[in-house]
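Next up: the structures, one after another.
One chain, subunit A, appears in both complexes that follow, with subunit B as partner in the first and subunit C in the second.
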Partner chain A sequence: MRIELTVDGKYLALSVSSDKPLDLLLQEDVEVRNLRDHCDGAMCGQCLVLLDDKAVFSCLTPAFMVRGRTITTFDGFQRTRDYRDIEKAFASCHIRPCERCLPARVMLIESIVRRYETGTGELQDAEVLQEAGLVRCHCLDSAAFLAVVREALANRRKRKNVRRTKIS
Partner chain B sequence: MYVELRSPNIHEPANLNEYNNTILNYRDTKPFLWAGGTEIMSEPGFYPGLRANVEIISLAKIEELHHFLRNDRFAEFGSMVSIDEIAQAGKLVLPRILLDTINATASRTLRERITVGGSLCTQRMRTALASTLMILDASAELRYQKKRMHSKWFQLQRIYDKNGQLDLPEGALLTKVRIAIQQYDYQYFRIAGDPMREKEDAAALAMVARLEQGNISYARVIITLPDKGFIYSRDMDNLVSSLQLPAGDGRHIQIEGYMLDQAREGAGGLSPLREARIRGLLHELLMDLNDTVMSQSYDRGRQV
Partner chain C sequence: MAEHMRSSLNKSSKSYGTLVFPASAPSRITDIRTAEPDSRYFTVRTSDFPDGCSFPFLSGTIPALSEDRALHPGQPIMAIFGPDHESVILARRSFKVDVVPLAAEEYESTFAQGASDSLSWGNPKEDREGLRLVSSTYKDEFHYHVSPVLISCECWIDGEKLHVEVPTQWPANVRRAVAATCQMAEDAVIVHQMSVMQRYDEDLIWPSIMAVITAKACQKAGMPCVLRSHAYSASPTVEIHRNTWCAEDGSPVDEECEAVLHLGAWELDDREAMRQCLAGLEPVYNLQSFRAEVSVRRSPTPPSTFFRGSPFSEAAASAEIHATRIASSLELPFSKWKSYARTGKRPFTDYMPSVDLDSLQALSGPIIEESDFNRKWASYATQTDDFSLLSFNRGIALAEGVSVAGFSTSFSREHSFQARLTLTEKQNLTLLTSFPQRDAYAALMKKMIELESDLGEDNEAIVLDNDAVMLDSGPDVLGRAMGHFPSQLSSACTKLRLQEKEGNPPFSIVFSADEELMPCEFEPSGAAALVLELRMDSVSFTPTVVEAWLATTKGTLNNREACLSTMREEVASALAECGAKPSEDPARPFKINITLQDDTGHTVTDTSSCVRGLVKAAFLSALGQCVSQVGNRLPVSAADIEKAYRNREGKS
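Entry: the complex of A and B
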């Protein structure tokens, strides 16, 4: 099956099996380096990528569903200014996740930040704490994850100069 | 890797008419219906797998399956509506127990992917969403092919057999789910364990009831065991309905024991962890019922 998609800003046309999981497609056909393992859909959370700005488990996304869509992986994302907001948040919270789960955590944080960056709504702590469990790794606890998300969101809003009006 | 494998053919009908035509064209090959795909792709050995030569019908682009309709009496949602959309759109009107169930199912990232139809029609596991919809008396519209395409509304219980296995007519498609908009006096939902990652040990308990001055006039209770099915019966409902609240420890032990027996019998045995979890859930439910009734009578006393 021929699919056309955009990965990290590059337009690609690939010939792959239609039910091939996206993580295998990215590893084998696009040579994304930060996706290492294929967990067979065990929901380890290490393969998170952004599909049209929303985080998805790439091992649970078949190739035919990504036709004409935009994928952002950690490889491409770490070269953007948006990544600096998250990097700064980790530094200011004095937290550094392990090398294995860092790509997935960064993509997850980015999807949460994008959900809230322009809205006037407050960040829902319960929602973020629930999201923290998506990446199965013990190097970072949920409270630390929440702190980083808050900081990253603040950095993003400050950089983009988002004015927030509080609805009372 | 796997380059020489034949790729499954993907059909993406844009509406139900096109879907019907696709089904008719491939009547003999038993096409494979694809909703969100989360459960299908987590099957061991999915890729490269035995489905290399099948026809896959993706339901993602069928417009009718994305509709969400609501009026004063009921809410109706298409089977491809994600459960997160239901939670967002129905925040103010849907029964609280349904929103609690959706929020407990998974985190928002996953909820955006999980569809109503997919979670009701998975083959390998039974979800807490299905059980909550069952006690809310939800009904589902099924479309299936005989000589021509039929559509029929069923009570949600009827799409499962007595062992909790999916029991749909051959080639049937679940298109809509409808629930009445009504709030109950008492709504309770708790889940113990992660049904996606440890479905052999997870359990969920849901209950709705109408309370009248310390008496339960109507109750529905259901226990969900993701890998086995649903545990519910008239006897369980009647046992809870006969409770005089607040109930003492003796009555608690009696009800917990009876319901655990029912669960053991229905599931053909429970693991020790699951048994402890169900016992805990039932204990918490009964304590919560007591609390609710006592706080109601305290409020009434203050008003007088």
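Entry: the complex of A and C
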């Protein structure tokens, strides 16, 4: 089938099998460099990408589902200013995830930050901790992940000058 | 370079493959039936290898394919290649493999007992009357590990050369295996080493198996071939039984222990595994005499000699959990007992030099304070087995030990693994190894070369991988690259500077990657202490780890953040192997507090194998404080805990 989609800001028209997993599509047809592994749906969490601002397992997303959608991968995201907010958060918390899971962690944090950056609500810790388990890597403990998300959100709000008002 | 070549090849001109496995193992394969595949598909079978498809691996051999019998799950029978990955997966379903279980006699002869080794020092007391016997049995059951990601191996022929692109910890073995099975000269095989990030043994043996099959497919089809497969590996089963005779005050006098290692279906190097085990079995307290025996058995699992830090970690865990049992038998917190039993120096043996036990006390002191260990231990000890007051039980435990990294001296003498250091005309230093290139590791080695050889501001140190270079630095297992290698590199830098005084560069020296001249089999590579607090509720019976405090030494050159990340991963992954779950309670999410102490005696250290052992020991001790009848068996499941709790109820 022929699909049209936007990957990292580039509009693409591809001819692929309709059930081809998105991660293989990105690896083989778009040559995204940071998605080297394919887990065949084992949910290792290493293939997280943003599909219209929402983090998804690209190995479980078939090609027909991304028709007309916008995909952000770590390759494209790391060239943006938004990435600096997360990079700074890691540095200020003195935390460095392993090289293997860094792209997936960053995309997961970005999806959480995007959900909260414009809102005024408090970060839901339980929700974040549940989502932390999506990346199956042990290099960050739950408390460290939560600290980085908080810091990244603060950086983003500060940069975008979003005023926080507590809901009483 | 490898990536450039891969992307430059046209995708439609490649063949994609997958492996066919038996439904069960160990088993004898009686028949392989298949529907006639169309001309776009082809298979690679044992008959395609006229001289056999086994390749050498250290002191043993491993078959890439086997069509008569499968000795362990994940042993490939054959491979099928076709136009794309998805259609090959569908085509694989047309293969029917009939198997029957191995007959009892065949099973016995195949998985027979292997070698054994022993260590002893001191003279045991002839008359043990009046001494109190404390016994414990530790069992760490094997667990299969199937890599979550598909490992990809690609081969293509370029003129006379066969190129292999695969993530591997040991490129020289991939080259040797392909050359041996495809009847090629070793220098006609070029291995492009892709980045290695797997945690277990996926990138040790499995890449060689995949490379052999893909290379044969490439030769057969005359076109580039890509093979994708999950990698199968397993941890060893380790059983250790200890008897310690203690004096009235609780100080240990004599100790005997027996260890049995089940190291998988194929022998890699049993003798090295036994040496690693014996080094870990030595307890971290003073004794008048000690005797340990280790024996190896083959088992129906993938080879597991070098599964992470094994079996040093398991042996160290058993020593520490036994020490906790001795303290518990005196109804003392471990921290109190060790303050008198763990003093002075542990004696020098053939396996380890003497260890300063006071320095271990100093390492654990701050985390005992920080975690409020003594108060919590006393409090939690009163509620062991009692879910009536609160709906959960809590446990806290302490463990400490010394680490080793790399191969033993005997192993280093038997195998020659090398690296090359070159001083160029422009006074730059180039290090060439076949260790997998990771950014953090390369940066560390650069820092080390700059420090050791006083490079000027205009000169630089360059660390290279060895694409197309015939150099074998050996497998990257047991923290070798951080264990002996830095000290070997340091002496190579000195030698090169001395050579420089005799003439003009370029100079190059090839040096051994391992230390062959140590008086003991191992040298300590740092020390660590760990406090672990866990909580178990009466409904799920899942041990939930709330907090961990780790104090460990760090080489003066180690990157602080990289060290923290490695240690965090080591603690969390070892806990996952034990069957523990990290706390997701927003009020107290799982937290690992790490204190790094500079070890001025070492420029680089690696305490990973010790930390893994300490986590297992501390986990079992803390679990024992929650439910006393649970026993020292890993991994722990909710069913085990429920059973232990019911046993306790039956007794009360």
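Following the convention adopted for this analysis, the second predicted complex is superposed on the first by the 168 of 168 C-alpha atoms of A that agree within 3 Å, B and C clash if a C-alpha of one lies under 4 Å from a C-alpha of the other, contacts with A are read in each partner's own complex, and residues count from 1 in each chain.
Basically, contacts are C-beta pairs under 8 Å (C-beta built on N, C-alpha and C of every residue); 3 or more make two chains touch, one makes a residue touch a chain.
Computed from a prediction, not measured in an experiment: that's the story for all the values here.
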Partner chain in contact with A:Q46 - subunit B first, subunit C second, else both or neither: second
Which of subunit B and subunit C A:L24 touches, first, second, both or neither: both
Partner chain in contact with A:L140 - subunit B first, subunit C second, else both or neither: second
Partner chain in contact with A:F64 - subunit B first, subunit C second, else both or neither: first
First, second, both or neither for A:R96, with subunit B first and subunit C second: second
Which of subunit B and subunit C A:V56 touches, first, second, both or neither: first
Touching partner for A:M1 - first (subunit B), second (subunit C), both, neither: first
Broader residue contact with subunit A after superposition on the shared chain, subunit B or subunit C: C
Which superposed partner A:Q130 touches (first subunit B, second subunit C, both, neither): both
Common ground on subunit A, meaning residues reached by subunit C in one complex and by subunit B in the other: 17, 19-20, 24, 28, 40, 42-43, 130, 133
Touching residues (chain side subunit B, partner subunit A) in the complex: 1-2, 5, 7-10, 34, 37-38, 41-49, 51-52, 56, 58, 60, 107-110, 112-113, 196-197
Subunit A-touching residues of subunit C, taken from the complex the two chains share: 3, 7, 11, 85-86, 148-150, 152, 194-195, 197, 228, 230, 438-440, 561-562, 564-566, 568-569, 571-573, 576, 582-584, 586, 589-592
Complex interface listing, subunit A residues touching subunit C: 17, 19-20, 24, 28, 31, 33, 36-40, 42-44, 46, 94-100, 125-126, 129-130, 133, 136-144, 146
Subunit B-touching residues of subunit A, taken from the complex the two chains share: 1, 16-21, 24, 28, 40-43, 54-57, 59-62, 64-65, 108, 111, 127, 130-131, 133-134
